[in-house]
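Below are structures written as structure tokens.
In what follows, chain A forms one complex with chain B and a second complex with chain C.
Let's look at the complex of A and B:
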């Protein structure tokens, strides 16, 4: 296993683990019982996917639990969008939709990898992820066609989530090595372009502000600039630009939101060192 | 008549006994069906007194996988002639719902869980069935309440005829 393989798989696993943890926070609190069950299930899927990714790079002295829970917060390589708090139902849905479609684009490319174990896992994961896409698409359609308040809230949340979604395609650490080794089929900037194309047309179809900006009553708008960067328009809730120049989550540069999540997520592991579950 | 060498006879017997033992290993979350009914056993290899069983997990995040591995190891280690057992998991090929046997589908229905259709499912077609049949009354006048249910492999449904909630095993 090369260092580049370890680096890329760690980032894939960290995205799934951290967002899976955020989804799990809805357990017992979701707006209604079916969604409580849905987010618990999606969380279980994502954390299961993370566990399977970690198992590809686990070895003596760093088992799956140690990889998932035994690292300091700044060792995680998830994109920042995954660590943001759920905030409200609108942001949860916007992020769920953006993330699962980004993951779909990424995993479709990864399905062509020459690394057999990774290819087999990704093929399996993609079949399960179909249900996440169906769920996210159903909800986006429902709120986008809903009453004014629903539309306004999803547009605002979408602006906030979309501004950070580009971080999912920040190049991995050692990505150049991975490409040269030949097993990483598509470079992140190429996937980012595919993602922007998808998002532009999908938002347009939903009638939500995006590339066309035709939703006049939306409280905020966002556009894809010619450079490919996502720029949050005025009134956006975005806290940070999509990809900060010196690197974001893929370089271990996180926000306090991850540190807060990390404390909750790793408490059991840290307090019961060596315990088996 | 086929002639066999002395070494081959016990080998074939051990292998047959392992498959019989696996028939008795239930799915921990759906005890009405065995791991064989679910099509979760890809292969059994016997080398002397060493048995290797390859399990295909139904869902990646299924917490029952570890329990299934333990149960399979325990059942196989009880087979006469086996001294060492390895239980491996694999995603090659991915487990798909068409691997559930006809007997397995029937057992799922009797358990109150609507089985998935039997044909292969292409990835682009994965989703809830267009028509779900109530496992209690056989009516197709049913509607889905949610894509998700109590375990990763089940969706929540309601029967408009007998008014029972029921679960549909997800096609995957």
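Let's look at the complex of A and C:
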């Protein structure tokens, strides 16, 4: 196993673990009981995917738990968007939708990897991710087409989530080596372009603005025609106004949000060495 | 939001059986939520959801009660038919002999 392989898989796993942890914080608090069960299940899925990714790079002295919970906070390589607090259901939903579509684009490319174990795992994970995509799409469509309060909350949440979504495609550590070794099929900047193309048209279809469309003062103005020109059109991709170029998470540059999450997530592991459950 | 009744079946040849309900804004969302609420441990391989408002029933279930003896509608009411037939055969044989 090359160092580049380890670095890329760590980032993939960290994204899933940290987002899965944030999702899990809704357990018991989701908008209604059915959604509570469904979203807790999605959280379990994401953490399960993280566990599978870690197992690809686990070895003597660093088992899956040690990789997931035994590293210092600044060793995590997740994108910053994954570590942000849930804030409200609208932000959680916006991030869930952006992340799962970004993950879909990323894993579609990874399915072509020449590393057999990674390929098999990605194929398996993608089967489960189909449900996540449906869940995110159904919710987004209903909220975006819902009453004014729902629309204004999702529009504002989408603006802040979208601003950091580009960080999911910040190049991995040792990405150049991974590309040269030949097993990483598509470079992150290429995937980022694909993601932005998808997001631009998907947001337009929902009548939601990207990050530049901050119109909180006039929520009733959120209609397809007024938001479309903020994010659609040929110019918007070239300027990429809505997405912060690099998040820093892939280089271990995190926010206090991750440190706060890390304390909650790793307390049991740190205080009860060798515990099993 | 409305109530959707959920039905699932264990295998392709099994009948759909009622297993509970979910509250959802529409049938797509109901299916999505029903999957996690009623099929998360591989209890079956297919799901239906039906809006409760699309299920029709008698408003007064007492119309389903039977007022008089309808035992003749049950197979158990005909247990002595075999004996009657044997007695009839015996009677025919007696008549043939005499």
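Remarks
Heads up, the rule we're going with is that the second predicted complex is superposed on the first by the 239 of 277 C-alpha atoms of A that agree within 3 Å, B and C clash if a C-alpha of one lies under 4 Å from a C-alpha of the other, contacts with A are read in each partner's own complex, and residues count from 1 in each chain.
We take it that a residue touches a chain if its C-beta (ideal position, glycine included) is under 8 Å from a C-beta of that chain, and two chains touch if they have at least 3 such contacts.
Because the structure is a prediction, the values reported are computed rather than measured.
When the two complexes are overlaid on chain A, chain B and chain C occupy overlapping space and clash. By the touch criterion defined above, A:38 lies against chain B and chain C together after alignment on the C-alpha atoms of chain A. Counting residues of chain A touched by each partner, chain B versus chain C, the larger count belongs to B. Looking at the shared chain after the overlay, A:147 reaches neither chain B nor chain C.
Of the two partner chains, chain B and chain C are each touched by A:131.
When both complexes are overlaid on chain A, the residue A:28 reaches neither chain B nor chain C.
Of the two partner chains placed around the shared chain by superposition, chain B is the only one that A:48 touches, whereas chain C remains out of contact. Once chain A of one complex is fitted onto chain A of the other, the partner contacts of A:61 are absent, as it touches neither chain B nor chain C. Clashing C-alpha atoms with chain C after superposition occur in a single stretch of chain B, namely 134-142 (options considered: 62-70, 80-88 or 134-142). Shared contact residues on chain A (touching chain B in one structure, chain C in the other): 34, 37-38, 41, 131, 134-135, 138. Of all residues in chain C, only 22-26, 28-29, 32-37, 40 touch chain A in the complex they form. Against chain B, in their complex, chain A makes its touches with residues 34, 37-38, 40-42, 44-49, 51-52, 116, 120-121, 123-128, 130-131, 134-135, 138. Residues 59-63, 90-92, 94-96, 123, 126-127, 145-150, 152, 156, 170, 172 of chain B are the ones touching chain A in the complex.
Put simply, chain A touches chain C in their complex at residues 32, 34-35, 37-38, 41, 131, 134-135, 138, 142.
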